[in-house]
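When the chains are written out, they are named A, B and C in that same order, and each has its own residue count from 1.
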Amino acid sequence: MIHISNILLALILLSVLLSLRSNRLMALVKLMAFQGVVVSAVPLVLETAHGVNFNLVMFFLLLVLVKGILIPGLMYRAVKWVVVDREVEPIIGYHASLFAGLIMIVFSVYVTNQLQLAMLPENHKLLLVAAITTMGAGLILLMARRKAITQVIGYLMMENGIYLIGTALAKQMHTQYVVEFAVLLDLLVAVLVMGIVLNDINHTFDDVDTALMGQLKD
Amino acid sequence: MLQLVFLIPIIAGIAVFFLPVKIGRLAFIATALFHLFVTALEWFHVTEPLHSKYFSNTPEGMLVLAIMSFLFLFISIYTVFYMAEVEMTKEPIFNGSMLLFLGAMSMVAIADHIIMLWVAIEATTLMSAPLIFVHRSKASLEATWKYVLICSVGIALALLGCFFIIFSMETSDLHVPISFSSLNGVAAQLNHVWLKAGFIFIVIGYGTKMGLAPMHTWLPDAHSEAPSPASALLSGALLNCAFLGVYRCHQLMFNAGLGDYSSNVLIAFGLASMLVSAVFILNQTDYKRMLAYSSIENMGIIAVGIGIGGLAAFGAMLHMIHHSLVKSSLFLSAGNILLGYGTKSIDKTRGMLRLFPKTGITFFAGFAGISGFPPFGLFVSELLIILGAIKAGRYVVITIFIFSLILIFAGASRLVLQMVFSEPENDDKLVPERWTRALPPIILLLTSLALVIWLPDSLYQTIQNAISSIGGTVNG
Amino acid sequence: MDFTFSSVSFLSFLAAFALAPLFMGVILKVKAFFGGKQGPPWLIKYYTLIKLLRKGSVYSTSTTFVFKLGPIISFVTAFMLLLFFPFAGLSPVLSFHGDVVMLFYLLGLGRFFTVLAALDTASPFEGMGAAREVFFSALAEATIFVILALFFRLTGSLSFVEYFTGAQTVNLWSESAALILLVVIALFIVLLTENSRVPVDDPATHLELTMIHEVMILDHSGPDLALIEMGAFCKMLFYSAFISCLLFPFHTGTPFFNVIVFSLIMTLIYAGVGLVESITARYKMDMVPNFILTSFALVFFATILTMEFVQ
């Protein structure tokens, strides 16, 4: 029997590993869009075991709209504006990031096994592995890259990972659409605010390199 | 309607974006007044008790809400006159964002649902970001970027903590709504391992927002680069909101029988914050940064006080109230200083007493207050925390506590005395003093004084109720 | 060893060998389609081979017998690959337990002699190409062996016959689908690397400095070049067949149907290669290791998962 959810998770991991070695901002944005759509589909696939209901599908569409279209769309515009469209001299190189991603995977498998989550269904374990890896890789991107846009993408990836962890652990989360919608709205506004600040940074510094910003320190 | 406290500012905030400047200012102050009115209604439980899945009226929430609403009124008055001096082109955006920010913070104060609290705290970050980079200078952009990114990442970790807490309920096969009020009822049955993990993540997450070391790095930048009214609001109200998030989880831990664990975590973070700010305050050259580090210190004091519990918890709550009043007053004075001298450098702001006597006196009085001199409230609250710690037998903690207080006082007094009492370099005043801008900080200081002399019974009762859930008492 | 000289397996081997150049034509056609051109005829590669075989070989006086040995060995090793591979789920001509390990080392042997021949010419260009070729294929080899480790975890065997024939095959429609998906993507990357395709190497480039594989065989001519080309076709066919077998389980019971589906999938894979070549530019040389390491990362991850979950 094939678990569609496992394939989705494999796709998420694929996008994570690809984004760790990508140096083009546009490619990163496309990967984020892809990842957003796949991440949105995970709860749908997990829950359809108990039958599809209307709310679930509507919410899936909403998630795809926000994570797969609106947020990448905002990022896309941001990348269009910036002068330099690729990452130059990352703080941690691409190979090192990729290996850090691999170590992250090993680590998350180890953690998942240590947790002794006997009550979770079998395919939730793989979900947890994928989730922790995504979160960790997001953190790696945040720390290892200097372009502000890449950092936003790292943040989004981390958020995706946390969302997946929530999907794996907190079942009640998915019965309360108001709350989940509020979380989604927050994410959208966060990206919007970051986009505005990015735009201003690009205007003022003629680049989105965070290394240029170092005035404030003690 | 409890929800009014955040709905009104949000609606008004959006409206102010589009209104003409003059009407916008009126609407701004009117909303602040109305917010205070609604808060008062809630405080005295005039309206019907609320039955909502997401919001509730809790003593600690009301405390934070009341402080916030009171501060906001005076800050809004100050803002209007401050903005008139700096002639900002984007004033509607600033005022509107202030209101949205107030709405988000009010939502934090009344949120009961775990995730709703998270949503509200994240919203405060986003709504306050425009306040910081309103000048669009390189430094303010850098500060905003750090603020948004560090806080968002930190708060994302708090979401993880929330999920862990929800999971701690689901592993124990409990099915109650995931709000603090209902979780507190079944706290004893929650899975301890997951609860602890959740608490750690939440302290890291909301602690980032609260400015606990070592996650505090955004705070000095954001507070020093934001326009002064925004700094006053960030320091006086926002930090309390983040603290409320931590406090709610501490309550849950206490009810689950893990009070010792969470207390120790809070004390550790608190002491770390105090030490870090003590080190960094010694060689400050920027008075707004100095005030920002002082906020970190005071948040540390509150965390330590709550961690020790008992009498110290009462002290911590008092400390929160007085710190908000005094620190906001100080930031408003700092705004006046910045207007008068046109610089944030301590070396270039000499002879305040002669050039700007009103501001000089307020600033110095505020400094005396924040350092814990009688007759200001922080003296009482710090004393209570120290007494509580001695009672609880935490001698090591209190030694470090007092040591950092002394260090901070020594460092800051050198700078402040120089600013206030030395001879001015020249007699240039960019903008003369005005009563309209000098009064709000003075009123805030006087409120702090008044609360020392006469603590209203309902306030006393509310603090009592707020700390009783973590075993804090005045007489214990 | 298992000599099942059945006529079917022999026929399948012969057909595969004979059709290898035809499939290469698919790539050219796809590229021509995207370029808005008509492209060369389908049988172009046969014409090229015949042309080359009819020519004579030219040898530099500074080369030794190693130079002549290179093409022969690289052809023979690639040829041997086909003997062991179960095309469309039909049992291969030869097979024994552990044959996959030998096959990949045979490929290595072929590459070794190609490199030796290149170095034998003492041309600086060829030395440079050899260095690149060895570096990149060493990286790809890491991926290959992690894949073998993964398959060993899944099936407990090291033989193509056991992977791809019978009722229990390794494919995308089994329980470990998620893992196989990662393997397929990784194998495609390895295919592009090992066969010197875009974005790793550009077979159509004209500048020696940017070449990897092509530059090593600059000095070969006539029948020698034909042998090298034929070897390359076989190698490409082998990798594509490997991926096809992962994509579809060929145990439907009707061999005829299997063969049709297999040919279709093969065509699609070749078309995929053509598509990649049409829409991407080749990487800068320093980005190539990055690309190959991604494939390693994918299969490494898949293997980690088998260690823990598919027990």
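Definition applied: contacts are C-beta pairs under 8 Å (C-beta built on N, C-alpha and C of every residue); 3 or more make two chains touch, one makes a residue touch a chain.
Just so you know, these numbers come straight off a predicted model, no measurement behind them.
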item: Nearest-to-centre chain - CA centroid comparison; value: A
item: Two chains joined by the most C-beta pairs in contact, as defined above; value: A-B
item: Separation of chain A from chain B, taking each centre as the mean of its C-alpha atoms, in whole Å; value: 31
item: Distance between chain centroids, defined by C-alpha means - chain B, chain C (Å); value: 65
item: Rounded Å distance, chain A centre to chain C centre (Cα mean); value: 35
item: Complex contacts: residues of chain A adjacent to chain C; value: 1-3, 6-7, 9-11, 13-14, 17-18, 21, 23, 94-95, 98, 101-102, 105-106, 109, 112-113, 122, 125-126, 129
item: Complex contacts: residues of chain C adjacent to chain A; value: 173-175, 177-179, 181-182, 185, 287, 289-291, 293-294, 297-298, 300-302, 304-305, 307-309
item: In the complex with chain B, residue positions of chain A that touch it; value: 119, 135, 139, 142, 148, 151-152, 155, 158-159, 162, 165-166, 169-173, 176, 178-180, 182-183, 185-186, 189-190, 193-194, 196-197, 200-201, 204-205, 210, 213-216, 218
item: Touching residues (chain side chain B, partner chain A) in the complex; value: 54, 113, 115-116, 118-119, 122-123, 125-126, 129-130, 133, 136-139, 141-146, 148-149, 152-153, 156-157, 159-160, 163-164, 166-167, 170-171, 175, 178, 220-221, 224-225, 280, 283-284, 289
